[in-house]
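One chain, chain A, appears in both complexes that follow, with chain B as partner in the first and chain C in the second.
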Partner chain A sequence: MSDASGSRGLLKWIDERYQISPLLEFVRHKEVPLGAHPILWYYVGGTTLFFFAVQILSGLLLLVYYQPGETTSYESIRYLTTKVPFGWLVRSVHCWSAHLMIISLVTHMLSTMLLKAYRPPRELTWVTGFALFALALGFGFSGYLLPWNELAFFATAVGTDSVKSVPLLGDWLLNVLRGGPDVTINTLYRFFALHICVLPIAAFGIIGVHLLFVQRQGMALPVGESEAPRGMRFFPNFALRDLLLWLICLIALSALALFFPYGAGIPGFEWELGQKADPLAPAFPGIKPEWYFLWIYQLLKEFPPHLLGIEGPQLCLVVVNVLVAIWALVPWLDRSARAEKPSAGFTDLGVSAILFLAFLTLKAWDIGGGGGADGQLPDPAAVARNSAWILAALTVAITLVRVSFFHHRWFILSGAALLHAVLHGIGGVQYLAAGAIAATLAAVAIGFLSIRARRLPPFAGGNP
Partner chain B sequence: MAESRTSSPATRRSVLNLLLTMGGLGWLASVLYPVISYLRPLPMQGPSGPVGLTRAEIGKIERDKFAIIPVGTRRVLVFEDSSGELHALDAKCTHEGCTVRYVSGESLIWCACHNGRFDLEGHVLGGPPPRPLARHAVQRQADGGIMVAVSKA
Partner chain C sequence: MRHLGVFLLLAPLALAIGATSSRAEEEFTPSEELTALLLAPGDDGEPLISRREREYFSELPPRAKELFDQAIENELLSEATHLREILSLGLSAPKVELLMRDNCIVCHTDPTAQDSDTLFSTDPESNGSPSHLDLVEFVSDVHFRRGLSCAGCHGGDPMDEDMADEIYDRWPEAPERHEDRTWIPAFCARCHADPVFIRRFNPALPTDQYAKYKESRHGERLFRAGDSKAAQCVSCHTAHGILRPNSPRSSVHPRRVPYTCGRCHADEEYMAGYVGSDGKPLPTDQLREFETSVHGRALLDRGDLGAPACNDCHGNHAAMPPEISSIAQVCRTCHAANGELFDGSRHKQAFERHRWPECETCHGNHAIAETDDSMLSEQSSPLCYECHREYAEDNPKCVETAKYFHASITSLARESEWLDGRIQPLAQRGLDVDALTATVGELRDILRQSRSLIHAFDRGEFEPVETRGREQVETGRALVAEAEAEYRFRRNGLLVAVGIMAFLAVVIFLKIREIESDT
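Moving on to the complex of A and B:
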């Protein structure tokens, strides 16, 4: 009996018992649209899933040696990385894959945002994707504490302290999250349970729903188009390309884990074990969280002690929550895309979000601020100035690409993000005041455009 | 017809639906209450009265000019200023809860996490902390020992 007839026989055997023919028929006819969007964007969701699978496998291997406990957490990780054969490699793969997963996820989310793939009928795909992004940040935050080293201790102290600002429930939530009023080994036990059990179960469930939505609805087409110029069969053509990219990701991950076992050497992107956590030691100079939390870390620094009658950290939390809520609700806020019309403003919103986060991250890295030696602090004015120049160069580069390749003409929000950085970094205006000026000018410009649009015939140009 | 329906007495189905909803909510509460109580940590125990510093802690103050010591459930920064006077302040920054340090060269208390700065009395000098650090009583004993008592606030 040949292999082909053997596998056909096996399929028949399964089909007789579980009726899988409709599923096979679906896979046989499933197509990926071509010629609509650059096809690269269709792969980044898959690479995120690939890195998540690596996380699960490498996490299981770490669990063989890791022992949570005041006298065992740090020691077991040190033993793992110094004594266990290839223990350093397993930890390095886990850490690198975590960062690459976040990079892939952010790329996936930004491409979905800029291509308007969130519009009806895919609102819930966006929402489940947003929930998965929140879970990924939760994975990063909870996993960070597990080695019980100095950096992890303070990152967790700062990260969890924000919870106390939640109205009414703040203190209760903080106690439940930390297992007491302060970060102690009880916090580690709770984070361990979250990291290896609660979050993975939630992630499996939501990934399942997210993939189900994607399979049922297929890939999104550009705004205003109802049919792709042509299609590619999902199986085997697209699936094999997916597999090839995963192989490339695996090779890249292996190379990075082998040659840079302790990370990229950038603050927030390195995982040297360092000193064991000591709750009675002061925070050390230059302490920074993971790179994807750096913007919140910097924003917390920018808020004064009190503003508008509220404590700075509380107001900062409100601002962060409002920004995150806007992002989560984009499918409902973008009314033009809902009506299959170009929504230039929301494309620019995506770009301005990148610029806003980039400026804060550059500042958090203390770029060009000097300091470091003998406990000298970096010069904040120099850091702000250098960050503003870099952001200006980045904005010019992005704008040139947008104008030349995508014929974009709507730049109010990205212009406001640039103005914010320039006023603060080069003009020396306080960060929040510069933000208020830029936001007001952007609001006036949008208001003016909207009044003009009502008076004139409908505007057909703008960004897609 | 519509009027008779709105004014009709409760049917067997509506009563059963009500009972089922109440039963479901009761069941949910009976599950959630123990789980929430279980997750809430017990109050931490610790000495409430004055605490004497250990030899190691006193040695640390002599060497580094400051030490952070546990008093009950709090962390207290005990430091000696340039005139030799002892001070005790809460070691937890009022901004985001990092642990502060005494910088003897600049005579200030500094939090490395977000660059919060306080004077030796705990008042905010600069940076984002919204409140001063709580002050605690500290006293040097005749035998060289140091006692710290935390304030209630």
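Moving on to the complex of A and C:
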């Protein structure tokens, strides 16, 4: 009996019992649209899934040696990385893959945002994707503490402290999160349970739903188009391309893990084990969270202790929640895209979000502020100035690409983000005041445009 | 009239100060006179005593506040400026009680009752008073804090309203007492040489200072030569601002001792005419030299109180320049191991024969520099070689030994530095450097030992340690080689893995091409 007839026989045997023919038929006929969007954007979801798979596998290997406990967490990680054959590789791959997964996930989400792939009927795909993003941040935050080293301990203490700002429930939430009023080994036990059990179960479930939605609805097409010019068979053509890209990702991951075993060497993107956590030691200056939390860390620093009659951190929490809620509800807010009409404003909203986050992250990195090595604090004015110049260059570059390649004409929100950075960094205006000025001017400009357009909704018109 | 107006306006405030919420405050009502003093206006019409000082007064316990009224009753306190001077000290309540119960100091802080040469004030310079009448220093004085105020030294009774004759009897008349300082040590020794008396205040405090002082060079000059320029108790400890030696503000705190001694010994004019036992004028560059020495930098720059100040080598109350025979013993109080090695060496006898002061011969005294391996080098230091050329020319083995010490130590130091420099790059590559770090630590320890062992001037004692050092170097080099081999293994492993993955990628790429060319 030949191999082909053997495999057909096996399929027949399975189909008789589980009726998989409709599924095979679906796979055989599934197509990926071509010629609509740059095809690159269709792969980033797949690479995120690939890095997640690497996380699960490397995490399982770490779990073979990791022992949570006051006298074992740090020691077991140290033993793993110094004595266990290839233990260093497992930890390095796990850390690198975590960061690459977040990068891939953010790219996936931004491409979805800018291409309006969230519009009906894919609102719930966006929402499940957003939930996965939140879970990824949860994975990052909970995993950071597990080595029980000095940096992780203090960063977790600072990070969990912000929960206190939640009105009424703040202290209770802090106690729940930390397992007591302070970060102790009880906090680590909670984070460990979250990291290896609660979050993975939730992630598996939501990834399943997310993939189901994608398979049922297929890839999104550009706004206003109902059919792609061409199509590519998902299997085997697209699937093989996916596999090829995953292999390239694996090569890159292996090289990074070997040549940069402790990360990229920038704050929030490094994981040298260092000293064991000592809860009685004083916190050292310059503790920063992972790079994807830096914007919140910086935004908290920009708020004064009291503003508008409430505590600064509480107001900051409100602002962050409003921004995050807007982001999560974009499929319903973008009425133009819902009506399959161009929505230039929401494209610009995506770009302005990138600029807003980039400016805060640059500031949190203390770009060009000096200090550090000799114990001196960086100069905040110099940091703001340098960050503003870098942001201005970034905005110009993005705008040139938008104008030249995509013929965009609507720049009110990205202009406001640039104005915010310039007023603060170069003009010396206080961060929140500069933000208020930029937001007010943007609101006036949008109001003016909507009056002029009259019948058109405010975010419509201009860009494709 | 204007003052009356201010009084009427501020009287309710005074009452408010008196009637604060605490119960203790309710128990004390200031007299009219005290209230008037607290609110007395200055030249500008504003109260002379500031609001902060009044608030400070109102927070004092009633027992302390009553003492102010008592002083007014005894006619020792009648001026607002006087009250302000006392309140401006901001003393704690127990100290206020100590001060206000002592009529001597209450009276001697009254600017209307005292001349400038007997007035204690917070700013003696602007009052034209001698510097030892500094009230701020006086209230910090260890004697005052233990309740031994003026009468403790000067005699009389602090409760007296007038000065008793005993006070005048106890003191030599001015200006004799200023010109002839021989009375001071015995004056202090009345208490400080009395173990029974001292035990009441500080049982751990020695009482042999006076006996030691009499045997010191300073005591010798003061008592036998009648030289009142020689240092006595007050010269170093001050008169009214005496602090415990462990207080950083004390003139005899280890970090301030060099400057206290230097006040005389670094003053060329003051030291003019003094000669040493060799008949030469006493030098005045000791402080300058000490400041640049390894001891001086440790003590003065780094604040290392383990480093010696002047008194650690010369003694304090029994201060003397160390004799040739005792210099080495002085060094041995800290550098005991090196001293023992030297004692067992051939140099011991030679140095004794020549009457050379052991450690000082090679290392110097006040300007003692940080030791360096180059001290053993024939090229950069004449230390061993000049001496041996002059006194031991017939023994070439010694020169060979010095060269061997230098070669061995510099070689071990070089190896240690090289191994140390490998730790960070290897760690950054993610390699295990624990064993290497421990080896380098061990090697540093061996280097310390070997640098100490040269004081035995004997190859036999040095060689075993050097051998251990060589073994550690071998271990360290093997660990570095092992780590580098591990890194090569990782890199080659990556190359193989990338090769396999790249091959698979090419296969997939070709497969895609094949499929798509078919369609």
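Simple rule for what comes next: the second predicted complex is superposed on the first by the 457 of 464 C-alpha atoms of A that agree within 3 Å, B and C clash if a C-alpha of one lies under 4 Å from a C-alpha of the other, contacts with A are read in each partner's own complex, and residues count from 1 in each chain.
Note that contacts are C-beta pairs under 8 Å (C-beta built on N, C-alpha and C of every residue); 3 or more make two chains touch, one makes a residue touch a chain.
The structure displayed is predicted, hence computed values, not measured ones.
Looking at the shared chain after the overlay, A:83 reaches chain C, while chain B stays out of its contact range.
Once chain A of one complex is fitted onto chain A of the other, the partner contacts of A:261 are limited to chain C, with no touch recorded for chain B.
Number of chain A residues touched is higher for B, counting chain B against chain C.
Within the superposed three-chain model, A:236 lies in touch with chain C and out of touch with chain B [touch as defined at top]. In the superposed model, A:250 makes contact with chain C only, not with chain B.
By the touch criterion defined above, A:274 reaches neither chain B nor chain C.
Of the two partner chains placed around the shared chain by superposition, neither chain B nor chain C is touched by A:69. Contact residues on chain A toward chain C in their complex (touch as defined above): 81-83, 88-89, 92, 236-237, 240-241, 243-244, 247-248, 250-251, 254-255, 258, 261-262. Those residues of chain B that touch chain A in the shared complex are 39-41, 44, 67-70, 73, 75, 91-92, 95-101, 111-115, 124, 127-131. By the touch criterion stated above, chain A contacts chain B in their complex at residues 154, 157-158, 160-162, 172, 175-176, 178-182, 186, 279-287, 297, 300-306, 311-313, 377. Residues 428-430, 432, 434, 490-491, 494, 497-498, 501-502, 504-505, 508-509, 511-512, 515-516 of chain C touch chain A in their complex.
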